[in-house]
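The data blocks that follow each hold one structure.
Consider the two complexes below, in which chain A is the common component and chain B and chain C are the respective partners.
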Partner chain A sequence: MDNFTIVGQKIPKIDAPVKATGDALYIQDIKVSGMLHGKILYSKYPHARILKLDTSKAETLPGVRAVVTAADMPPNFRIGVMKDNPPLKSGKTKSIRDEIAAVAAISTEVAEEALSLIEVEYEELPGIFDPIEAMQEGATLIHEEVKSNILKMPWKLVCGDVETAKKDSAHIVEDTFSTQWVTHCCMGTSGCIAQLDASNNLTLYSNTQIPSLAQNDFIEALNAFGYKNRRVRIIQSVIGGGFGSKLDTYAYEYIAILLAIKTRKPVKIIFSREEEFFATSPRQCTITKISQGCDKEGRLTFREIEMILDNGAYTSWGATTPSVMMLPISSLYKVPNIKYVAKCVYTNNTYCQAMRGYGNPQATFAIESSLDQLAEKAGIDPLEFRIRNSNEPGEITPQRFKITSCGMKECIDEVAKRLAWKTKKEHKGNRGVGIASLIHVGGGARVYKSDGCGTIIKMDDFGKVDVFTGASDIGQGSDTVIAQIVAEVLGIPIEDVNVVNNDTDICPWDVGVHASRTTFVAGNAALGAAKKIREQILEAAGKLLEEEPSFLDIKNSIIYSTKDKEKSTPLGKALRKIHYTLGGKMLMAEYFYDPANENFDREFKGNLSVSYAYGAHGVEVEVDKETGQVKILNYIAAHDVGKPINPLLLEGQIYGGGLQGIGYALGEKMIYKNGRLMNGNFLDYKMPTVKDVPPVQAVIVETDEKDGPFGAKGIGEPGLVPTAPAIANAIYDAVGVRIKDLPITPEKILKALKEKQGRT
Partner chain B sequence: MKSYEYHKPKTIEEAISLMGSLEDAKFIAGGTDVMVLIKQKKISSKCMVSLRNIDGLAYIDTQNGLRIGSGTTHNTIDENGHIKRYYSALTDATSRLGSKQIRNVATIGGNICNAAPSADTACPLLALDAKAVIVGQNGSKTTSLDEFFLGPGKTILSKEELLKEFVMPLYGENTGSAYIKHTRRNAMDLPILGVATRITVSLPDENISRCKDMFCTIDSISNILERLKDEGVKCEDVMIAMGVVAPRPMRAKNAESVMKGKIVSSELFEEIGNIAAGEAQPRDSIRGEAWYRTEMIKVLVKRALIKSIDRVIRPDEAFYPERLW
Partner chain C sequence: MKYEISFLLNNDKVTVEVDPVWTLLYTLREVFGLTGTKEGCGYGECGACTVIIDGQAVNSCIFPILEVEGRHVTTIEGVASKDGTMHPLQKAFVNEGAIQCGFCTPGMIMSAKALLDAKENPTEDEIKDAIEGNLCRCTGYVRIIDAIKSVSKGR
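Entry: the complex of A and B
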């Protein structure tokens, strides 16, 4: 991108200095005058009847301002997509994270002590912790009122005719793959401060990644509390990571609101690290039965998948991940015939939520592992097999995705070249190579009624600009990207752009940080607003300089004529002249961008995104056959991202995603035993450390995405989508054992090696 | 967090008498175990007696063997060249304990007194035949470290007793040692299993250079062992210690006695690994399954032993072929 001076440059995050110096104010740092501290009492058992709940002792503890239970919540008030989750539970508890009571006190210490004074008597009930068991006839119902443990959210996608395709296939493979619970591990734990004014309007300080939708939810809550037609203002703190964990509203927020109502004081609830582990919602675990076939030439003929997801006891957006899983299932490689059925099942486990990739990593693990099996059966090199079936620009996939730009083949080629695939394949000595590809939404995703984002731009008297965007920066760097776009269009230095993104009173609507959409959608919104204000500036400057606006340009904050060198003025001076004159004006512009993508129809078909992101990961591993340990020797992550707006941040997303994917593949697992989390800490939850980072090469494959801001597509999630299958395939190549259940631990490898030895 | 009294004695005697007079008091050195336990509400002592201001608890004395003061941080040990050369197993442990930040404050005394079955310095100290010098109200005594541990978190120390130092014998050029920490992560992790070995070997002088050469290859362990056997490498003395395989760090004494006096060979190592595995009583836990730990003892005892021998034969080698161990 030679013509641009700011877009396309490796510009460090504009918020890096405040974060590095500790000046950034996270929710933990925010204090509101008169604020009380809330703490939540959770169920002692994953499944139990509450026989007695006595809060009287807690209430009399000095410093306690309120103790609340389900009795204080509006009756029948439920949260979540299926409205199956009362913020405070009564009668029966259904999971270990069930909120039973809560306290507001003058300090967290007093609140904690008060919790220990609440007397609860339980009758422990046998729980169901296995979705297969929960699906059986006569299984205890988790929610008695809904009559079945299978969620009334039937996921079914049928394209073409799988049965006929099976008959016509030369090779077919079938197998079952499973994945585990993993959690987001945000550095910033969840938290909020709820504050009501005298008219019962709510201000919620929060680290949510969906301010506009959260506003909606809390307006509903105030209605339920009897405060009709109130205003809700969400003020976001600096957000210490989201990864999907903050993509819904949660019981603790409603509890904070309830405590604020009871005490008429602001109430702050901050999760401890322990709570962050067990009381937030992980990525759902899946059991995937997959069958795929190909013809003699190795062209894919069909893909059939049946999937069971452990929903846990309540329902969050996580239950809708099968909709995104449909994307790789129907459209990763060219597959004409597709059948996919998924069931989400209630259990007494923790309930699941969105997490980076939104189901795609689970589905891709099954697809890409199975694809290697198929390639082997067909006697074709797995990389060659993938090239043969690769997606292409201009394709319309069976689910009706319109593929615009597509650099999939180029990504696979990069992997082949940089991994020295051909030579490494011949290798051996316990080393092996593996590859897996990905498709993800790269131009928004219409999963809600609107996929839009608004932006307002306001110029000051000095040539500086304030940009009010709906898009939240959760650490991914969207503020920097938005500032780059605006600075580029206006011809001003990036330091002169101030991005305001944290207050629903000021910022326009945005659907939220999900679906890798922020650069694409908020970027387009910022671009639209910047172009509009540029027109206004040039229009007014044209009058000042007596020049046709079309001959005017702005560079380094100077407006000048491209025709006549004499005609120029500093931007700030021009703005002041436009302002300080009779009938003067301040320049402002707004723009709302909603991409031209489609909601799925009743058959789950439609062009979900206006563009799709592609990538391929290749990995070389070495397996220690005596210990089962895997060492990653080389990791290539090639991504088709359209045009990079900021290669530095882009690579950051690829490294970060890749590393999160490596954790998913090789070590991370929330160990639940009978509904209880056994490893809710960083010692036993094996998130990789900096010392575990293998050599990762991020390769940017440029395509030009006509709808993207400056040609860009999304990259937030793709980095971890194909990691696990690429590693599993490499391990198979190295030592001939295929691990079908994540994470791939040394124990599983050693066991498989011993079994294999026993067989031969 | 609960508040507590914090005492800063200047001498060992003062520290001991404070412990005698204060009710519900606890020593705190680096605090990296104590503070975690307080936060987890597993201890709730009202008084903390800090050992950080006592002169003469943090030292390394290499005259005539090795003495390490209990207040010495892991990082200080890690940076000591003499220890790295003659007590290598200890450096293997301190170099990978926690993280740099932890190693800068955490002490070797705290690691041992905390008596976790996974304590990283326990296996090396056992294999290096360390003695613990304990000071109490009635003076000081010396016990072998093997007698020091009673169970998880339990030692022979009474409340008023303080661990002053570790004392290890002088080891010559024919002795090498190693510790292997088997983990899932490369940092900030406790071992699934830890194995430390120390071996004293004898071999005809004229064979040394040939042995050196074979260690420079990346041949398999069994091949190297066969060659060592041909060169007549003999085990004169050996100690093997294992962590996380029993309620306390332990020695594989049967394996040691079988090995002593024998010419090394592939079969012998195989046998030693199996005997050691038989001596352990590993359990299933979320950190690792018993069968896996048993399998790993067999592998890691072998690897630690050969690494120890390598260190005798190539004492100045900075790089050891990683693929072997």
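Entry: the complex of A and C
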């Protein structure tokens, strides 16, 4: 199977037609008979004591079917990574998104009116909105029972000996960088429908990106409600964007379940855009103190990082992003000595979650900005400096990552060539070039006890196949990639592959859409199942055709002998014969693929992923010194992705990720003032529009990843990882000011230019 | 108080009782069950709800239903031909890879259609102007521009 006809081709997404015609059903579009509509009341203050909560008026409003508060939740029921988040809050509210009551009614309008009838009296309390302040001795405790605002999640990685390396370094730089909150802006807002049957089994219509883990969470919830050993079925709608936002379960889902229990009716909760802005969990903001050194030849000697993350009032996966930050910190370029310490700090701000890159963008912004400073100090061209320190195949990094395939140098070369780096570096006049690289997991990531994905394949009587996969398609195109793999192995057209991915009752387990793992892990699972069923088909067909199975092949849905031209049969016909025969059978196969990667040990070391993805972004900018405006003249995004299974989709990930990265670098910021979101709408939150698209080239650098399905590695997240530092470096090259705090706004550039002038 | 209005919806004459506070989007989705038109924000800032009224792309989420009286409304459901063949724009969006999660797609296609119906061969800047109000978080817009270009006349 060397000449692939489907794998490696630019094949349109198989779910695109239903999306182009408006037939795709998102969670907003799904109705269940008898359904009620739920709405949530949030705290008026980021930190307050609830003195009185009176729901009686709301309850009597016609059309209202239930009003719930914390008193209706099982006592001590908490959600989240640290189990510090009651889905409905009582006593004290700790952030502006604290849910304190909810209503189920016959329509959204009635539910909203009911919310306005709930009477709440608060005593506003002074809040803590700055993590540094929250870390001070004697600071007000956000969670009194926890005794400290610093999370008991001590992130610390030490490799080699940084102190000695510092002494031996020829050049050292040290600086502090910070990043802002940004939000996913999924165009389809969050939502769910919770429905209980007569035996209190739960069906949840959801747009989660972790169906199997969500199932677990809700089983726990039913237990807490007193419904022991019940079944939970997650049915996913078409998902209107994920980017990490749906990687956890949220209060609103538990509230929908509670309302369904109270009313014995299905209850739908859909977020308004306003809620989507303030009540979902953004990418965490960070303060990063970084120091790096190199020897006389420009070889990196050490990297030391101290980081503070604003955890907000509760804990979701955002608090665990330092685990992924360790990846670039320890292993972006060859650095023998590493020290990294991170603290997550409770405040009265919003709490954070996974968002594309999972900490990597924040860490890479600091590392790659600082690296440019170091190159300058060492008097070496920044691109040359990166090549000198580039990762290589076969390397084992200080954190014990085993680098298999690695196209980092080739990516940097592509940037140099396509940007005309040497010429552009000399040409000035407010123009400049910048580069930054990335490393990310590309072969799954063992952050959970299993990193697996299951697949079941069922052949029908006509030579067509149904593939049941655990993997969720959140728009990235995993269904298409899976269909391509199965079609390739079975020698059938892709139209004959139907991928079913949205129902935990029929689909096998999968850990979820994260860590850019789906093509690699779900792809391998599909490949394993396809190979198994192919064997079964050929085995059975061998009997029909009286031929050794090893001489049989399938092409265009015809099973034929490679030895004897006379011996062939259409696949469908063979399947019917196998089926409609005394003692016949339906052909089915299953395969569970769990990559041979490792959980971190206690020191946070181990081979987290089976393979690692690389890339380099280069950018040319022009900075207007009068206005501070940055114009991107040319953007090159080169990515090592192994062997591409579908270049069309792959480039789509790079373009999409790239523009999210540009938004992160130049405009997007959730402005929180004293715990309140000031710009929770599309007018004031600067998500890029089509007018922000620069001239951009997505460059695929092929390597062959031996463990990947058809040689592929993951690409979901990398597209936005090095964008911000590449742009920051280009701005520095253009006008000599370095902006260390994202986003890089015209105001910050003007201020820095002024300061620079003052100095000279 | 309900009013009765009549208009042309995807070439069918319809008459319907409406509440004057309803928007066109609400009526399309809740009364006619045409869920292809999406709500991304509900206040005129994302374009997910774009439909065409008498040749103009409009945000149906802020379009009062009473103003639809006597007019011609086309939604994404009315874009393909009656036999189900996709419109060239729909095909282009599919084939050029302009669709990821797809939530922005119906609105995006309606904006593009209004443009191409008025101007067969728009420039890239005109394409960008036409879809500036349509937000997409997934694609980075590159392939969307390509798709629209690919169906402009003379290409």
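The rule we apply is simple: the second predicted complex is superposed on the first by the 758 of 760 C-alpha atoms of A that agree within 3 Å, B and C clash if a C-alpha of one lies under 4 Å from a C-alpha of the other, contacts with A are read in each partner's own complex, and residues count from 1 in each chain.
Just so we're on the same page, a residue touches a chain if its C-beta (ideal position, glycine included) is under 8 Å from a C-beta of that chain, and two chains touch if they have at least 3 such contacts.
Note that the structure is a prediction, hence the values are computed from the model and not measured.
S.K.: Looking at chain A, does chain B or chain C touch a larger number of its residues?
M.R.: Comparing chain B with chain C, the partner touching more chain A residues is C.
S.K.: Which partner chains sit in contact with A:I671 here, chain B, chain C, both or neither? Use first/second/both/neither.
M.R.: First partner only, chain B.
S.K.: So, A:V690: does it touch chain B (first), chain C (second), both, or neither?
M.R.: both
S.K.: Tell me the contact category for A:L750 with respect to chain B and chain C: first, second, both or neither.
M.R.: The answer is first: A:L750 touches chain B but not chain C.
S.K.: A:T627 contacts which: chain B (first), chain C (second), both, neither?
M.R.: In the superposition, A:T627 touches chain B alone.
S.K.: Check the residue A:F682 against both partner chains and state whether it touches chain B (first), chain C (second), both, or neither.
M.R.: A:F682: touches chain B and chain C.
S.K.: Can A:Y655 be said to touch chain B (first), chain C (second), both, or neither?
M.R.: It touches chain C, and chain B stays clear.
S.K.: After the superposition on A, what does A:G394 contact: first (chain B), second (chain C), both or neither?
M.R.: A:G394 contacts neither chain B nor chain C.
S.K.: Touch test for A:G22: chain B only (first), chain C only (second), both, or neither?
M.R.: A:G22 contacts chain C only, not chain B.
S.K.: Mind working out whether A:P154 is in touch with chain B, chain C, both or neither, as first, second, both or neither?
M.R.: After superposition on chain A, A:P154 lies in contact with neither partner.
S.K.: Return the residues of chain A at which the contacts from chain B and from chain C coincide.
M.R.: Of chain A, residues 682-683, 689-691 contact chain B in one complex and chain C in the other.
S.K.: Under the touch definition given earlier, write down the residues of chain A that touch chain B in their complex.
M.R.: 109, 626-627, 667, 671, 678-679, 682-684, 686, 688-692, 745-747, 750
S.K.: Once bound in the complex, which stretches of chain A touch chain C?
M.R.: The contact residues of chain A facing chain C are 10, 12-13, 15-17, 19-26, 28-29, 184-189, 238-243, 272-273, 474-477, 648-649, 651-652, 655-660, 681-683, 687, 689-691, 693, 696.
S.K.: Could you please specify the touching residues of chain B with respect to chain A in the complex?
M.R.: Checking each residue of chain B against chain A gives 1, 99, 182, 184-190, 286-289, 292, 295-296, 299.
S.K.: Sort out for me which residues of chain C touch chain A in the complex.
M.R.: Those in contact with chain A are residues 29, 34-43, 45-46, 48, 75-77, 79-80, 86, 90-91, 93-95, 97, 99-106, 109, 128, 131-145.
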